[in-house]
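Before I ask anything, here is the structure I am working with.
By written order: A, B, C, D, E and F. Residues from 1 in each chain.
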C-alpha cells in the first residue's frame, strides 16, 4: 500500500521479546533494544570523531535504527539456532532476508523501494559505521545479560551471552572499543560485585580468551 | 544429559507466545494451546469411538501433547511465513526439524532416543489420530481468532485465521467434524452476535468456500 | 447448551494462576501445569511399559488432561487450606465436586454426560494410571518450587512445596519413580547448586524422611 | 508470630485478582478494590452526615478496610459459586471464616486477638456503617463491570454483575443511595453512551426491577 | 461534572506504579500502597488508644485514604527529585497541589468543595493522626524495600529507601513507634536473614544513626 | 561516575509508560516511542532530501534519539499538566531541565559534558531537523491514539491526543508533512473504518480546524 504499512508495523516490534522462552527477570522488546543500540552507537561515534575518525552519520543512523527490522517476520531466534548448526543459521538468515524483500516489493511505493532496500540490508559491514553497529549491538547483549546475572539469574545462557559478546567486541579495532574496555566495562563490573555469580572472573576470562 | 533437560525445557513453552507481534486482547502460550488441543482431541476421539471407529489412544496421546514442541527452537512463526512463500516455509520446517533432531541426539539417553523421535515427529498424517490432531489444532485457531473478533479486534489477521482454519476443518472426513459443524460451531457463532465484526457472515462464506 | 460451553471454558484456566497470592518469579497457569503433567505422565508411562507393565493409555489420557478442571470454579486453593484443617479441606473438595456436577448437569448434552462424569472424576486412584498421575502432578510441583528456589526466592512456602512433593513421590511403588529418583532428580539438584538455598540438603532430608 | 505476619500478608492481596478466570480488559486486585471501597464509603458517610445521620467513623474505618481480607485464603470466588447453589456458598463462607479464625489464633498476639476478631468479622450488618459498606462494595462492582461493558466486553457475566449490584443498592434506604442514583449514576451511564452494549437500557431495567 | 469524575479517576491510581523506572521484582500501584497505609494506620491507632491516647478516627480515615491522590496528576516521582534539589522538589509539590486545586474547582459540586479540599490537603501535620500517617507511609516504604532486598535486588536505591524510612520513623514520638521497633521490625529483619544483602546490619546502622 | 551511568539508565525508560494512569489496550514505553520517532524521522528526512532540502543527519540523529531522556526523572506527565495551566507546565519543564543538568554535572566525564549538554537539550527548534522531530513526535502520538480508537477505546483523551497532534503537524511547512497528509494519513484513516468511533470525521475536522 504505502509507507503507512511500514510505520504501522513498527509497533509489532514492541511485542517481539528478545531471547524468547528463556526465563528473564527483565524482558526486553526488539524496539527497546533497537533504541538503546541507536543511543550507544551515537556515543561510540562521538568517541571516534574525537579521535579524528570521519563518521558518515546518515549511514550510521540508517543501519542502527533498522538493524533488527527483519525480526518482525521470524522473531529473535538466531542465537540459539546458531548454537546448533551454522547451516541451519544460514537457512534462517535466508528466510529473514527473503521476507524483507517480499515486504518491500509488496508494500513500499516505487520511489522508496531502493531507499528501503538499502536501509533494511544487513548493516554490519567492515566500514567504521558497520563496526560501530556491531559493537553497539553486542554492548546491549552485555547490558541485558549483565542485568540478569546481577539479579541472580543462574541460567548459564546469560553467562554465554555475556562472554561471547565481550569476546566479539574486543576483536574490533576501534577507538571506542578501547574506551569501552577501559572506562565503561570496569564501572559495570564493579556494580555487579554483589551478584551471586562471579562477574569479575567471567569478564577476566573473556578478555583473556 | 538426560530426560531432565527435556522436562526442564517444557516451561520455556509457557513463554513462547502464539502469533507473536500482532496485537491481541488475549495472549496464549504454546503450552496453553497444546493443552487445549489435547482436550479437544479427547472429545473428538470420543465422538469417533461412539461412531464405531477404533482409536489408538497411545498414538493420539503422543502426537497431540507434543505436536508443537519444535516451536521451542523457532517460536510460533510458521503462519505469516507461509503467506509469503511456500519455499521459505519449507526451509523453516527443515530448520525446526533439524533442531529437534539435534536436541534428541544431544540430550536424550540412548534407550529413549527412538521413543522421542517417534513422539516429536510431525503427527499430522492420514491416520484417524493424525486427522483428529489436525482438526483439534485448527479448532484452537478458531477459538483464539474468535475471541479476538468477538472482543472487537479489527486486525484482518484474525479473520484470515478464523476462515482458513474453518476451511481446513470442513475438508476432513471424520464423524467429529460433522459434530463440530452441526453442534459446536453454531453455539460459538451465536455467542459472537454482539461483535462489531460479522462473524456469522464470515462463517457462512468459509463453509461455502 | 453443549460441548461448546466446555471448550470455551478451557481458556479460563489460562487465567487461573497456581499458588495465588504468593510472590513468584515465574507464574504458572493451571492450563500450562496441566499440559506439563500430560507430558511427564507420557514418559513415566513409557518407563512402566519398558518394564513390562501394561498401561491403559485412554484412561491415562483422560485423567491427566482433565485432572485440575475443577479449579475453574474455585481456583488453586487447596494447598494452603490443607495446612490449616483437614475438615475445611474436605468441605472445599465437596464444593468443587458439587460445582463440576452442576456444570455437567447444566451444560453437557445427554449423550456425553456419562463420559464427562468419568473424565472429570478424581483420577488419583490406586491403579497404575492413577499413581502415574499422582507422580506427574507432584513432579510439576517439584519443578515449579525448584525454579523459585534456584532463582533465590526465600519464601519458605516453596521449600515446603518441594519437600512435601518429594516425600509423596518416593512413597509410590512404580518403576518410573525409581527412574525419577536415580536419573532425573540428581540432574535437577546439580543444576540448583548455585542457588542461595541449599537444595541438595533439602533433597537429602526429604529422601531420608 | 506477631502483627508482622499480618502486615506482611497484606501484599498477597495485591496478587489476588478479582473475578479470576474471566477475560477482562482491566484486572483489579483485591487490595485496589479494597482501597476504592474505603474511598467511596468515606464520601457516602459524608453524605449521611450532611443529612444529620451520626456515623461511627472508627467502625466504618475498620469494616471497610478489612472487608475482603478473608480472600487471602480462598481467593475471590464467591460470586460464581453463589450462582450454582446457596448451600455450596454457605460451605465456602464457613471455610473462609474458619481460616481467618485459625490465622488469628496462630499469628496474632494475645493482646490484639479480640481487636482482630472484631475487625475481620463480616461487617455487612444492619447498622448505618454496615449498610454503607454494602453500598460501597456494590458500587465498585458497578464501576468494574461498567468499565468492561464500555470497552466492549461482550461476556454476559459483566451485565449480570452490573445489574445485580444496582438492584442490591437501590433496596438500601440511605440518603447516600438517593444521591448515588440521582447524581452519580446518570453521569456514569452517559459516559457509556458510545459502548456497543446498551448500558442505558440495562440500567433502566435494573432500576425498574 | 460531579463526584462521578472523582470516583472514576480512582482506577487511574491502579495504573500509577510506585518508584517508576527502577527495576523491581514486585511492582506496587499507588492504590495498593494507599490501602496498606490505611491498614497499618488502623493498627497503629489501636496501639495509641490502648495507651490512652485519643484518636480522631474520622480525620485519620480521611488523611490516610487520600494521602497520595495528587499522584494521579504527576505520578510517584517525588523521591528521586528530592535527591537532587530541595528547590526542584518544592516546585513539584506546588505543581501537584495546583492540579488538585484545579481538579476540585472544575469537577466537584459546590456543596462538596470544602470537604474535598480538607480531605485532599497534605495530611502529615503534627497531630497524632498526622504522625500516624507519616509512620504508616514510611512503614510501607520499609515493606516494599525489604521485599526487594530479600529477593536479592542489589540496586542501592532500595537500601536508601529502607534506611531513610527507618530513620524517619524512629524520630517520631508515638507509642506505636515503640511497638513497631520492638515487636514488628525484629520479625521482619529475621525473615530477611537469608538475603544476599545484610539487612540486619543496615537496620542496626539506621537505628543508631 | 562515567558514561556507564548514562547507558545503564537507558533501561529505566523501558519501564516508563507513556500516558500513565489512563486505560490503554496497548501500553508503550518511552524507549519504544523514542525508537519509532527515530524511524519516522529517518523517512521524513529522506522525503526532504528527495525534495532538494539539505539535512544535517548528525543533528537529526542526536535530537531524535534523546528527545525524551528527561522523562527518566519526571515520567511522561507533561500532556495532562498542560491541560490545566501553562504556568504549572513551565515549572515542570524547569524541574526536568534542572534534573538533566544535575545528572550531567554529576555523572558525565568532563570531556563529554558539552556533547551531552547539546544532545540532551530541547531539540524542537525552527531548523529543518527540529521541525522533523516535532512532526515525528506528533506522528507517534497519532499512531498511539489511533490504535486505541480503532480498538474501541472510548476515553475521549485519545480523541484529544489524535486531534491535537494532527493540528500541530499540519501547521508545519515541510515537504514531508505534505507527503504524510496525502499518502500516509489516508491509509491510516481507511484502516480505522471499522472502529466504533468515527475516525474519518475526527480527521476531517482536525484538518479543517
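Observations on the structure shown:
As a convention for this text, contacts are C-beta pairs under 8 Å (C-beta built on N, C-alpha and C of every residue); 3 or more make two chains touch, one makes a residue touch a chain.
Just so we're clear, the structure is a prediction, and the values are computed from it rather than from any experiment.
Any chain touching chain D that also touches chain F appears here: B, E. The interface formed by D-F recurs in B-D: of the pairs listed in D-E, A-B or B-D, only this one shares over half of its residue-numbered contact pairs with it. Taking the mean Cα position of each chain as its centre, B sits at the greatest distance from chain E. With respect to chain F, maximal separation of chain centres occurs for C (centres as means of Cα atoms).
Comparing the residue numbers each copy contributes, chain B and chain F share less than half of them at their mutual interface. One simple way to say how far apart two chains are is to compare their mean CA positions; for chain A and chain D this gives 49 Å. Distance between chain A and chain E, defined via averaged C-alpha coordinates, is recorded as 41 Å.
One inter-chain figure worth recording: chain C and chain D are separated by 33 Å, centre to centre, where each centre is the mean of the chain's CA atoms.
For chain F, the set of residues touching two or more other chains reads 11, 23, 25-26, 147, 152, 196. Chain contact topology: the protein chains form a pattern that is neither a line, a ring, a star nor a complete graph. Every pair of chains meeting the contact definition is listed here: A-B, A-C, A-E, A-F, B-C, B-D, B-F, C-D, C-E, D-E, D-F, E-F. Across the interface of their complex, chain E is touched by residues 11-13, 15-17, 20-23, 72-75, 77, 80-81, 84-85, 88, 91-92, 94-95, 98-99, 102 of chain F.
Chain B contributes residues 1-8, 10-11, 14, 26, 28-29, 31-32, 34-36, 38-40, 42-43, 46, 50, 55, 57-58, 60-62, 65-66, 109, 111-112, 115, 119, 139, 143, 147, 183-184, 187-188, 191 to its touches with chain C in the complex.
On chain E, the positions that touch chain A within their shared complex are 23, 25, 152-154, 196-197.
The part of chain F that touches chain B in the complex is made up of residues 25-26, 147, 150-152, 192, 194-196.
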